[in-house]
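Look at the two complexes coming up: chain A is in both, with chain B in one and chain C in the other.
Now for the complex of A and B:
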């Protein structure tokens, strides 16, 4: 037990350190290099007016959007994978990312202003989950039915998005593609405060509901005998995960891979899931998305690449690794 | 069918004209049953006779399509889920062990009905967990992963979860299945001890008639979802009943160790000659 505790503490400390370091890097680097000390002072409004503008209005909201979005995706992925007892469950499989893309693209098509597009993504994500709920409700929310319905919903939404993009004029298509790959470019404080604040509330709710999630892990019979209304609890957690993923999508677009990978990373490094590891999943997601965004901005020679391109590139081999590990003899057991 | 004399002891489960269905299929039909409080009851019967289904109905996991299940007179399907969970614990036949969970983490989940949404882990919670671990002999395994334990140890860890729930009534669905004889006896001795020392009411589904007769005060025999017999094992278990319920020719002799009825199937030669006769 103490071994696990030490590992969790080390993991949390390293995670926070990495987050702080990445945040500093993201505030200091860019078109204009600003020394770390100057950048941190500019963050609180001190120093040269130009520095303050760049750091406060351009770099900070982008970094915070990546942090909040990543945290939301990490926790959403954890909740979904436990709820579905499936290591491949993620907002992508649930139709949430497809819905968010469709919502954003629909608003782009309607010629809505930039600030409205995140709201479109949020609405799209929630709507797709509602669609999923309607289709999958019949059997009291059985896991298999949800997974299969989710895949169908996702496929349909992705098709709709592609159809719209193909019929767009060239400049709209570029903007739409940027959105549907996932990007934190050009986020403003209005968006970050709105979605970030809501994300904070949803993250707190996830920690509060963790006990129900742990009881659900015991299977429906044991959970029911412990006095948990399993259908209600599953619905609550499902809605929560969808809200988290949709809010994240409204900040960062439908970024793939983060929600899928983070639960595995956390479990690999800290052992069986607990409330603390749920919080760590948020931290890991934040680090991962912020790091990916820095890679996009500074390490790749291509200009204006969306962050989702990096996470998706990481995601493909990761899926293969998962598949190989799944087919190895180490499997979950039933007592 | 043996006549029953319902005595109103606390923790008495009863069913009245109970029908349990999976979809359209009637699994348990028209069951009138009284399971005495403060006793160990064994539910026996052939495969697919509705034993486990009955247990699910008794524990509120399956809503009756007709009839009622009452605990001390109140309908359990009208009780709040948590209120019932404070009075009745259940060990399912094949519980799902969460991946890599430790024994202590598993047993802690037994405290769920005692906790509110925001209440922190209390000293009383920890005490109940420690006691459950002690009683089941799993205290030394508390930091080990449940899915790496042997079958017997794992079963005891799950019983510890039900004990941490701290209920007067304990329902066990085939707690000895998949265990070897030594571990079967360990589990049954533990059940007998819980009954004798802590006064818990136990209802368990068992396969082995001899073990049921040894460990139970009260026996319920089901056939095709209907009540075939109920009462004290010595009154209920005879060759005629075994023949009619299990379709096995046997002799029922006193168990040389305990004097309770012991079912000894006839030799296959004797059964063949009986069949041709």
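Now for the complex of A and C:
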């Protein structure tokens, strides 16, 4: 047991270090280079006024959006994958984040203020989860059906997005497209405060509810014998995961791959899931999304790419391997 | 995910098409009605007698001009594209042995979209007639890539084809958005094409792809009897003497030719290829020798009705046919998913 504990500690320390390093890089680089020390002092409001403006108003909200969004997606993916005991059950594959970003776009189109955007995302995410439930519910929840229904929900959502993109004036169409691809470009504090705060509350709730997840892991019979109402617990956790994913999407859009990959990485490195590993999933998600955003900003030859395009490209091979493995002839004959 | 089509007769069963002649005639009558509605209805509705006069040369004036200049090309393109999509869907479902397969799930629409958006961005094109070959090339490349992904031991694994195509589609869509976001002009040009529409395309858009379309139909009809054997499973088909791998390859080529031409003309229109076979199968059965001709009628029927519907809901403006089919098709896909993944 102590071996696992050391590994978790090392992993957490490395994760925090990486997060700090990436944050520093994201605050220092951009159109105008600012030395690391100056940037960190500007973050707390010290030093040259211009530096403070750039760091506090432009770079910090973007970095915070990536960190919070990544953390939310990582934890949401972890919860969903353990609930369904299937590596494909992630909010992006199931279409929840897509619905959330569509809700955000609908509010933008209606001309609502930026503070309301997280609410729109929540409504959209819950609505698509509800649609998913209505169509996929039946004799138990099969993940194949969930994924297929998720694709159907996404197709319907894509039609709505297309409708907006064709009907909107050009600049609104561009922002709608950016929202639905996944991007943290141009986030402001007004957006980040609301969603980030709510996300923090939801993350805390996830850590508290973690015990139920662990009990559910024992199987329905044992969980019932331990005095847990399995149906209620499952619904609570499901709603929590949808809320996490929707809030994350209201910050970063329907970024793929993070929620899909993070739980695997964490399980591989830290062994059996605990509350600590859930927190580590949040940390890993944050590092992953922040790093991807930095790649988009600085390492790619083309400027202005949305981070969602990069994570989709990275995630596709992963998704394929998972799907192929689940549907390999050996598994099919046993199914 | 695999579900063999129930009741597919083996190749040896005598072919009794004449039993279904009344049904086929009803379908043709419905299609004729739809064509007439498509010629008559729209922002400026034209009475049917005037439509007939305009078509056969007597009438002049604005109504006649609307019919011959705008509605006729649109309806002809709708008929051809619908037929291509319907047949492509039936063949795609047969070769993947998957009732959820369609040209869209093989990545064809997404490939065409990406190629067109890149062409608009890099070559500064701005006319749908110029997009035709880019769209066709993109569609073919995506479909071939999806088939390469699914290739295993010299044959195409049907389940891998459906999954690989879906994932490929997701990636290509995100790249398409990325390219569109690169500059305002690309966004402005591409967003209307990407919705999928029959409007604003002269018949000149159709002529270049007519040979590939016809070739696709011929190949599809030629492999139809063998597709029945494929529905029994690879092993049974093999033991019936059907060259499974070669039939699947020919079917794949037919799908690329048909759906590639369709997307080149009308832009990405989803769900016609998925819905047409599901509409025809309960009526005519799963024998592909009947199913394919049935889809030849059902495809245009669905596409033209969706187009007419799109013209009527927002009069005097209109809804692109691709958006109408996507809205109607999404619940259909959900219901099918419910049925398939039981």
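Note that the second predicted complex is superposed on the first by the 263 of 335 C-alpha atoms of A that agree within 3 Å, B and C clash if a C-alpha of one lies under 4 Å from a C-alpha of the other, contacts with A are read in each partner's own complex, and residues count from 1 in each chain.
Methods note: a residue touches a chain if its C-beta (ideal position, glycine included) is under 8 Å from a C-beta of that chain, and two chains touch if they have at least 3 such contacts.
Source: prediction; values computed, not measured.
Asker: A:188 contacts which: chain B (first), chain C (second), both, neither?
Answerer: A:188: touches no partner chain.
Asker: Regarding the shared-chain residue A:208, is it in contact with chain B (first), chain C (second), both, or neither?
Answerer: After superposing on A, A:208 lies in contact with chain B but is clear of chain C.
Asker: Pick one for A:29: touches chain B only (first), chain C only (second), both, or neither.
Answerer: neither
Asker: Report for A:308: first if it touches chain B alone, second if chain C alone, otherwise both or neither.
Answerer: second
Asker: Can A:218 be said to touch chain B (first), chain C (second), both, or neither?
Answerer: After superposing on A, A:218 lies in contact with chain B but is clear of chain C.
Asker: Mind working out whether A:159 is in touch with chain B, chain C, both or neither, as first, second, both or neither?
Answerer: Second partner only, chain C.
Asker: Does chain A have more residues touched by chain B or by chain C?
Answerer: C
Asker: Check chain A for residues that touch chain B in one structure and chain C in the other, and list them.
Answerer: Touching chain B in the first complex and chain C in the second, residues 332 of chain A appear in both lists.
Asker: Once bound in the complex, which stretches of chain C touch chain A?
Answerer: Going by the criterion above, the answer is residues 1-2, 100, 149, 159-160, 163-164, 166-168, 170-171, 174-175, 177-178, 180-182, 184, 187-188, 191-192, 194-195, 270-271, 319-320, 322-323, 326-327, 329-331, 333-335, 337-338, 340-342.
Asker: Where on chain B is chain A touching in the complex?
Answerer: It is residues 56, 59-61, 80-86, 88-90, 92, 94-102, 104-105, 109-110, 112-113, 115, 117-118, 143, 145-147, 151, 154-155, 158, 161, 165, 171 of chain B that touch chain A.
Asker: So in the complex, the part of chain A that touches chain B is made up of which residues?
Answerer: For this pair, the touching residues of chain A are 1, 208, 211, 214-215, 217-222, 224-229, 267, 271-274, 332-335.
Asker: Can you tell me which positions in chain A touch chain C when the two form their complex?
Answerer: 131, 135-136, 138-139, 142, 144-145, 148-149, 151-153, 155-156, 158-160, 162-163, 165-166, 170-171, 173-174, 177-178, 180-182, 256, 302, 304-306, 308-309, 312-313, 316, 319-320, 323-324, 327, 332
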